[in-house]
Each structure stands twice: as structure tokens, then as C-alpha cells.
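Okay, got some structures for you below.
Each of the two complexes below includes subunit A, the first together with subunit B, the second together with subunit C.
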Partner chain A sequence: MIRRPISGQYATVLSLIAIALLIAGYTWLSHRQHQRNPDDTTIPSWKQLAGGVRQAVEVNKRSGERWLVEDLKASGFRLACGLFSGIAAAVALGMFMGCYTPAEAFFHPPLALLAQSPPTAALAVFFVLAGTGDPMFVSMIGFGILPALAMSVFLAVKEFPEELQFKAYTLGASHLEVIWSVLFQHVLPKLLDAIRLCIGPAMVYLIAAEMVVGDVGFGYRIRLQSKLLNMSVVYPYLALLAGFGFFADWGLRWLRRTWCPWFEGHRG
Partner chain B sequence: MKTPARPSCLLESRGISHWFGQKRVLHDVNVRIRRGEFLSLVGPSGCGKSTYFRTIVGTHLPRAGENRLFHDPARPEGEIVAGPGRDRGIVYQHYSLFPFFTAQENVAIGLTLDGTSMGHRFLRPFDFRRCEREHMERAADMLRRVRLGDALRLYPHEMSGGMKQRVALAQSMIMQPALILLDEPFGALDESTREELQRMLIELHSENQSAIRRGELPSLTLIIVTHELNEALYVGDRVVGLSQYWDWKSEGHERCPGATIVYDKPAPVFEVRDSRDFEQFKNQRDEIRDVVFEPKTPSRRGVHVVSENGS
Partner chain C sequence: MKHKPFIQTRRWNHPIVAAAACTLALVGCGPKEAAPSGGTPSAANPADAVIATPPGTPTFSLAWSEYPSWSVFGVAHAFKLVDGAKGKMGPVEQKWSVDIELKEAEYDPCLQMYGAGNCDAVCITTMDALNPALSRPSVVILPTSTSFGADALLVTDAIKSVQDLKGRKVYGLGKSVSEYCFVRNLEAMGEREKDYNFSNMDPGAAAVALQQKQPGIDAILVWNPFVLETLNKRKDVRVLFDSTKIPGEIVDTVTMAQASLEKSGGANFACAIADTFYIVNKRMEDPATRNDTLIALGEKFSHLDVESMKKVVDQTRFYSTPKSGLEVLNAAGTKETMKKVVEFCVAKEITSKAPTIGYGNSSSAPGALRFDPSFIQRLINDTK
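Right, the complex of A and B next:
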């Protein structure tokens, strides 16, 4: 039957089968490719992949650095700063627009316009405005996620029933208390969901910018190793990015369950 | 034993008129509500009950006239309602509770908001925690009073409609507001839950009457907006009818200037032990239906008003 729920055990078994099929499919593809060309590096064997991982984590003879460590440090710093600044600005702007109608009238049109423009396409603008250092990557991520995130916060504030807002005033709340103790409580789970959706685009902006102007970082390393057809390094990097995205999503869902236990039931 | 006190006027609506563009909604609404009164406001759909309700809450101010609250003995001239405030509690049909708080938190939040400031919460966190614990204990006591001692940790989505409305009432009552306003509070409930909550209000009314008999000021004054006539007569001790079907031509208007008060009379007072027999007030119910709800028999203002000047 359509949408009939299944047991957790059954769901886990299905997930494990899907992952096993993915691994089996890759193994078969790689094996077939190596039968045709034993020196192939485009679909590396598991042994080649292990070699690629070693190459990434061992000290590089030429630079004296461990690629993975320096890339993690650079990309992690840029992503964390970009996400933090984008989220902070989006919460402030979204709440401001949702609470004060003049702010909505002022900010809504440019924000709606910016939301439609892909930041990767505006890369040149960021180079001009912020140079090619860390501030450029941070501002690109921050400005990239800002419009969509601010709109999510704004819409969450707008959908809050005004009856409950009036009720808060009759319970002695000041304007600031209505914003913090009432509206923000309502917005928080939706904000966490919106952040989950923003993690992917934020990574896209970062990798795209690093591919074009970076001299360190995940995007730079992937571009460089792709040019050399050194996919045994590229695939582990991609797997790391996917793993980061997966755990960030899981972490945000855990935060939502912990901070907003009411939300699942309320949403029905 | 002290002499029963004659409760003073708590809220006075003077010449309230309201309109939206060309649409006239309220016309010269004058009502005085005494402390301790349980006033039922009835009227046909679209007559402006909710608009009048909002003018008292203060979320929508009237275009003409004023609502004046006399809850502060230091200000005998009263205070004009200029916005929502903690002196008026409200219970709505929907959205009666904050979905992100448990029942206990929903009741305690008013005490916390009223008793502590943002600065207190952030700058004196240990003292704030102590206050919060105290508020939670008081909220638990209040919930036990409305027979919800077992539901302290439930979120609104885990409660039935009746439980939610009882929590909402507790949320308002714990603030000890001068006036509690209920906007169709039991409209979405099944009959047995509705009866249970009506009996709860009657219990509260009896407590008021006991206080008056002891010479004390009644603790609760209540306005209930309802479209259900039986409920209005059963729960309220006074019924006020707002209607657009009145004889406005006799006052020289060319078109209806909006709804006004066409009925204002005391209602029978029930005790909790009394049977809930709606046939007891059949005559008054028929009279209200005829005067307030019937478009074909517009009545003149003042004819069916006996308690307006009774404060």
C-alpha cells in the first residue's frame, strides 16, 4: 500500500543492502576497467584508493605538509566562518523583517532578487570586492546562504499566529521578550531545518571558489588531482565531503530533536 | 460576617464605533461591566463580536469611543485601553497555547515574563533559575486546580482540546488579571468536554459569589464571546446581545451604521450541583433569538436593556 510505514529493522536492512550494492557496483566497474587497462586511474581499485588515502595523510616530500590536514584546516575554517556569518546575518535580518513591516518592505525586494542569483556565477564580483584570500571564501558562503536562510526565518516569523503574540503581551511580555521568548522559540526548529538545506549549497560555493582561486583546500586539491587523473585521491576527498554533509545533517537533526522536542509532534 | 460588597465597575465601553473603509461594523456600543461579573456576549455571525472583543483586548483600537479599565484603585478615573496588557487575560478557540512549551511551562511563562526581565535572566542566571523553579511550582498548583495535575509535562499536541482550553484558562488565571476574555473558547470541543468546561466556569463563578458574600472583592471577571445561546445563558450571569438587526432608521440613519447593543439582561445563575437543563431558560433564549438574531424584527435600542446602568 502507498506510504505504509515499515519497521525500523526492515528500514536498516534495506539501507545496508543499498550501501552494499553501491560498493559491489563500484568494485565490478573498477574490476572491468582494470581488465581493459591495468594502469587505469580513473576508476581506481580498492588497493589504489588505499594508496590515494596514504598519499593524502602522509607528509608530502615536496611541501612538507600533510595534504588532508592543511586542506581540512583551510576549508574547515572558511566553511565554519562562512556558515556562522551567513546564519547570524540571516537570523538577524529574517527576524527583523518578520517583526517590523517597514523592514520587510525595505529588504524583501532585494533579498528576493539576490536569492535568484547563483553566487558561483558572481564569483568575479567577490574577487573584486573581497580579494582572493579567506575573506572572499567566507563572504561568498555567507552571502550565498543569506537570502534563502533569511527568507526561511522571515516566513517562519510571519506564519506565527498573531493570537499567540497578543497572548504573550497579555502575559506581561515586552517587545523584546516576544521576539526572544516566543517568536524565536517558534522559528528555531525551522531555522535548523533551513540550515540543513544550506550546508550543501555552502559546500558547493566553497569548492567552486577554491577550484578557481584556491591554493589550498578541498576544491583546490580535487581540481589539481583531477587534472592529473589521480582519482585515487579525488574519490576519498569526495567521500569525506559527503561524510561531512551527512554528519552535519544528522547533527542538526539531533539538535532539533533535543532543543525542540515539541516540533515533530506539532508538525504531525 | 461582613456586609456583601456591591462590586464596582471594572470595564466601561463608551460609544465604541468601528469601521473598515466603507464597512460599518460597530456603532455606539456602551457597556459597563462590574467586577466579578460573568458576561456572555452573543450576536449573529458578522455582527462584530470579535471586533469588539479585540478593542477590549487592545489589539485593534476603536475608531471612535474608548474602553476604560478601572482596576487600579490609585486611578479612580480609570485607564483607557491602548494596547494588550497583563491586566487582561485571553483564551482563544484556536492557538490557545504556545506549542513549544509543556502545560506547566505554558502556565509558568506569564509569571516568568511578568516577574523577571531579560537582563535578570542573562545577568543573574542563578537567581533567575530560583525564580523559575518557584514559577513552575505555582504553575503546577494552578494546573492541579483545573484537574490537570497529571498533564504537567505534556505538550499541546499531546493534549485533547478540552485539556488545552483548561491549560489556557489556568495560564490566564495565574496572572490574576482584572478581566479574562474568552473568544468562543469551547467552539471546537465535543459536547461532553464542553459541558465539563462550562461546569468549571460555573465553579469559578460560585467562588466569586462566595467572595462577594464574605464582603471581599471577587477575584475573577469574565467576558465570554459565544454564538451558542445555551452556553451564554448557562455560564454567564448577564447576557449582552450585539446585533446589526436593530431599528437604525428610527435614529435617522440612511444605512446601517453598524451593530450595537440591543439586549442586556441578567441571566439565571447556576450552581455546579444544578442540573444542566436548558429548558429552564427557554423563554429568555427565545427572547434573545428574537431580539438579537432575527433580521425581520429589528428592535429599538434600550428596549431590552435593563442592566446597563446597574453598576
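Right, the complex of A and C next:
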């Protein structure tokens, strides 16, 4: 029978098997490559990977800095600023469009178009418009996630049942109170879900831009070390990115559960 | 490091061009080992020049990226001297009894492809060849060109002398020939590298930033076509110094894995690559075919016109004859240069350790990276 629920224990065992298979598959690939060429660095062994991790976290002799710390600071700052500005603008714009029909008529066409334009393809346009410093990274992430996120907020407002809106007015709420206490509360869990989907693209935009113009950051390090065939540094960096994406997703789900418990029940 | 725009393999079906290409393919003699196909076919029709690879013929692959002296291989495919597809052989391939598979990609993926053992040979600078050689012993089989002005430091009016660069960022691709060119020029001027700040940026982005007069961007070290394009678009920008001060230090090559060379037909492949390179160079030197070949060479390199392309190939000096190629591989100066390059790469952590460098054939000069003139020599001997 399809869609039959399974026990938590069974699900955990299956998850562990999947991860073990992934690790075993990599170990086999690396072993095969090292049999072909014992000095290979493109599919590093676990020992080589440990060396790569050390290289990333130890103080670099030449620069006197820890790569990982510097890259985390740079990329973290850019990603945080980009996400924050993108989310803030998307919430404001989405709510405005959802609440006021003229705003919807004005903003909807350009947003619907921009939502289909991949920012990585417009990389050169961002260099031209926003320079090559931090403002470029931030604007690329911000504008990258803005259209899709604003549309999500807008659609969430639009689907809000009209009778509940009238009920709030009947109870004496002002326009602002309806927007903040009723509409926004309805939008919030959907906004959190939309942000979850935006984390991945935001990282793609950041890494792509850093690969081209960064002199520090995850994208810069990954490109440089890939070129130098130092994959023992590249793979741990990729694992960190994956880990960040995973925990960001988990954190947002936790926030949704905590802030919007009613929504969990609503979802069944 | 060179970095070129992505292009797809070109095809040129003009019958006159193809006939000329086939005629040129006949220049030179056959290899020492007799070709199973029985020599070079003479075909007026380009379709006849390319045959299906006979069974048992070894196949070797060359990863190349768009750059003046490396696009020669793309041009050779377009002129049907060789057929870059696996399973098809052009006249030069038939002459040497090897099937050459051309794999075109951006420069960085070419390096990764070579490092991972997914191609037999790669178009690479001597500087970038050090690192893969540590894990995959390699042989420089053919020097293709050297930068002679193709890498240049472009500055605005704000920079009157090299001292004015102190306290400012100089943008260019880090840990590449750009940074090498910068550091070596500073040394030549008696300046200390630590007084200057070289900051990583893609050359294309750096060129756009300078062309746009973005604040804080007053000095960039980039290569062609970005040098010529920027100079064309911004008249107040000038060259402060360039790679003419370090002739022969930034060398573009075709480098092959030692293990591939040792395979049956490996040496023939090396000779075929050199043969192809010199045939296209002859076309470029012949006044009757020069412009035509230059246009083909620069087709996707940039939107520079023929006159600018002439400048490009002047600033990227081709080792256009077997004699000039041999001189590079045999010159005492090459050893001195490589010492500097290795020191630079170790100091900048481009390589984790210095690879051993050999000069000569595999028995007389073992090394992780070996400059081997024997394939060009064999080509010369066979041509006599």
C-alpha cells in the first residue's frame, strides 16, 4: 500500500543506512582513484580530508589567519545582510501588494517577471550596478530572493478568508491592527516556509559572486582550492555549506513550530 | 592562470579552406612508426579528409580552453586538420595513427579534468602545471606561446608611478600568472612586495569595474582581451608595466601525463599535437591565409577586430616553429625561470611543495614535471 506510515525507529534505521551508503560510496570512489594514482588529490582519502580540515582551521603561516574563520566572517556577514534585507523588503512589499490593490497592479507585473530571472545569469549586471564590494553581494542575495519571497507573502495575504477580516473589523480593529495582528500572523508560517526555500538559492548567488570577485569567503576559497586541486579543503567547505543549509532549515521549522503552533495543528 | 570565455567547438565547412587545410596537412613527413592507415589521404573534399577511426587505433584526449595559442587546436578542428570527436580522424591524426579527442572547457575545469586523470594532455601554463605534476607526473611536450605584453597592469591618472600603488589595492586573479607578473615586475623595479596589496578579482569583472570608473578601482592586472578592450574603452587608462619585462617567464604549453606518454601511441600523439600546432602556425604566417586564420582564432576569444587580433598575437608570442619550440625546451634560461616560478609558487602556497623539474627524456632527466624536447625533435627529423 502506498503512503503507509512507518515507525520512527524504522525511519531512523533507513536514514542511517542512507548516510552509511553515502560514506561507503565515497570511500570506495576514493579508494579506486588512489589505486589508479596513489598521489591523487581530486578524490581525497579520509586521511587527506583530515589534513584539509587542519589546513582550513589552523593559522596559515603566510597570512597569519585562519581560512575558515575569515571565510565564515565574510560569507556569513554577506549572507546575513542579504537575507535580512531581502526578507524585510519582501515582507513589506508582499504585505503592501496584498493589502492595497493599486500596489498589486503596480508591482505584480515586474515582480512576476523578475521572479523568473536567475540572478546568477545577471551576475555582470550586479557588478555594473552595485560595484564589486560587499554591497554587490548583499544586493545580489537581496534582489535574488525578493521577487519569489514577495510573491509568496502576497499570495498568502490574498488567500486570507475575507470573513475573518470583517470579523476583526467588527471587533473594532483598526486597519493597522488587522494588518499586523491578523493578516501578518496568518502570513508568518508561510513566510517561514518560503524563507526555507530561499536559503539554498541565496547561497548559490553568494558563492557564484564570490567565485568571481571575492578575495575572501566560501566561494573564493572553493574556486581557488579547486583550481589548485586541493579538494581536501573543498569537500569540507561543501560539507559545511550543506550543514549550514540543513540547520537553517531545521531552525526555521523550529521557529514555525514555536511561533505558529496553531499552524502545525492546521497542517494536521 | 588564463581564463577564457566559453565557446563551443567550431566547424568550418568551406571547401576552399578545407582543401587548403588538407594541403597544409601534407607538409612534413610521416612518423617513424608506420601509420596503419598507410599515410595521409589527399582529399579535396573535407568530408573525405576525415575518416572513421580504424579499430585498434589508440585514442588520446587533449583538454583545451580558449586562448590565442591554444585555440589553434579548435581552429585545426574547424579546418579539418584533425577531428576532435572520438572515433573520427583527420589527416594529421591519420598521419600519426592516433585518434585525438579534443575536450574544450574553461581553463579551471581543464586543470581539474587533467588532475583527476580524465584527459591525457592539457593546455596549461608552466606555472599552473606544477601543482597537478605533484600527483600526476607530467611532461611539457610543446611550448605554445609566451606572454609579451599580454598581461599588463592598467592604471588610471591617479597613479603616476609604481609608488602610488602603495596603500591601494591592485585587482587581478590571485595566485595566477597575473600575481606572478605583478610580483616579478616589482622585484625588477627594486620594490618590496609586502608594501603592495594584490587583491583577488576575476579579470573580466576587474576590467568592467575599471571601465565603469568604479570608486577604489585604479589599478588592475589582467590579460588579453581585457587589456586591449579596457585600453580601447578608457583613454585615460594606461599600461604602467607588463609582461614584456619578464619575457619567457609566463609560458603557455601543452603538457601530457607521463603515464599516457608511456602507453602505446602516446609518443605519436605528442608528435601529432606538435604537428597540428605548427601547421596552423604556418597558415598564420602565410600572408594569403593570415587574416583568415586570425579571424578563426579570435572568433570567440573576444569581439576584437582583425587589427586588434594581430596585436593580441603579437603580445602573446607564439613559438610558431619547431626550432623556436626546441629553443624554449633546451634553453638554460628556462631552468632559471622555472626556479623562480617554483619559488614563487611555494611561497604563495600555490603548490604544497616544490616538484622536481627535469629537462630531457624520461631516462636522462626524471622529474615530476619534465621538459621533453624529443617529440619536437622527432618531428624535425621526420620532416627533413
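As a convention for this text, the second predicted complex is superposed on the first by the 267 of 268 C-alpha atoms of A that agree within 3 Å, B and C clash if a C-alpha of one lies under 4 Å from a C-alpha of the other, contacts with A are read in each partner's own complex, and residues count from 1 in each chain.
Just so we're on the same page, a residue touches a chain if its C-beta (ideal position, glycine included) is under 8 Å from a C-beta of that chain, and two chains touch if they have at least 3 such contacts.
Owing to the predicted nature of the structure, the values given are computational and were not obtained by experimental measurement.
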- Are subunit B and subunit C a fit on subunit A, or do they clash, once the structures share the same frame? fit
- May I ask you to decide whether A:Thr41 touches subunit B, subunit C, both, or neither, giving the answer as first, second, both or neither? second
- Which of the two partners, first being subunit B and second being subunit C, lies in contact with A:Gln185: first, second, both, or neither? first
- Touching A:Lys227, do we find subunit B (first), subunit C (second), both, or neither? second
- Message: Quick check for you: in the superposed arrangement, does A:Ala124 touch first (subunit B), second (subunit C), both or neither?
- Response: second
- First, second, both or neither for A:Pro102, with subunit B first and subunit C second: neither
- Message: With both complexes overlaid on chain A, does A:Ala168 touch subunit B (first), subunit C (second), both or neither?
- Response: first
- Query: Can A:Trp262 be said to touch subunit B (first), subunit C (second), both, or neither?
  - Reply: first
- Cα-centre angle that subunit B and subunit C span when viewed from subunit A, reported as a multiple of 10 degrees: 150
- Task: Considering only the touch criterion stated at the top, classify A:Glu177 as touching first (subunit B), second (subunit C), both, or neither.
- Result: first
- Message: Just to confirm the value: shortest Cα separation between subunit B and subunit C in the superposed three-chain model, in whole Å.
- Response: 43
- Task: State which residues of subunit A lie in both footprints, the one left by subunit B and the one left by subunit C.
- Result: none
- Message: List the residues on subunit B that touch subunit A in their complex, please.
- Response: 57, 59, 83-86, 88-90, 92, 94-96, 98-101, 109-110, 113-115, 118, 155-158, 171-172, 175, 177
- Over in the complex, which subunit C residues touch subunit A? Could you list them? 1, 108, 111-112, 115-117, 128, 131-132, 134-136, 174-175, 199-202, 204-206, 208-209, 212, 214-217, 347-352
- Seen from subunit A, its contact residues with subunit B in the complex are 161-164, 166-174, 176-177, 180-182, 185-186, 260-263, 265-266, 268
- Name, in rising order, each residue of subunit A that touches subunit C in their complex. 33, 36-37, 39-43, 60, 62, 124, 127-128, 131-133, 211-215, 220, 223-224, 226-230
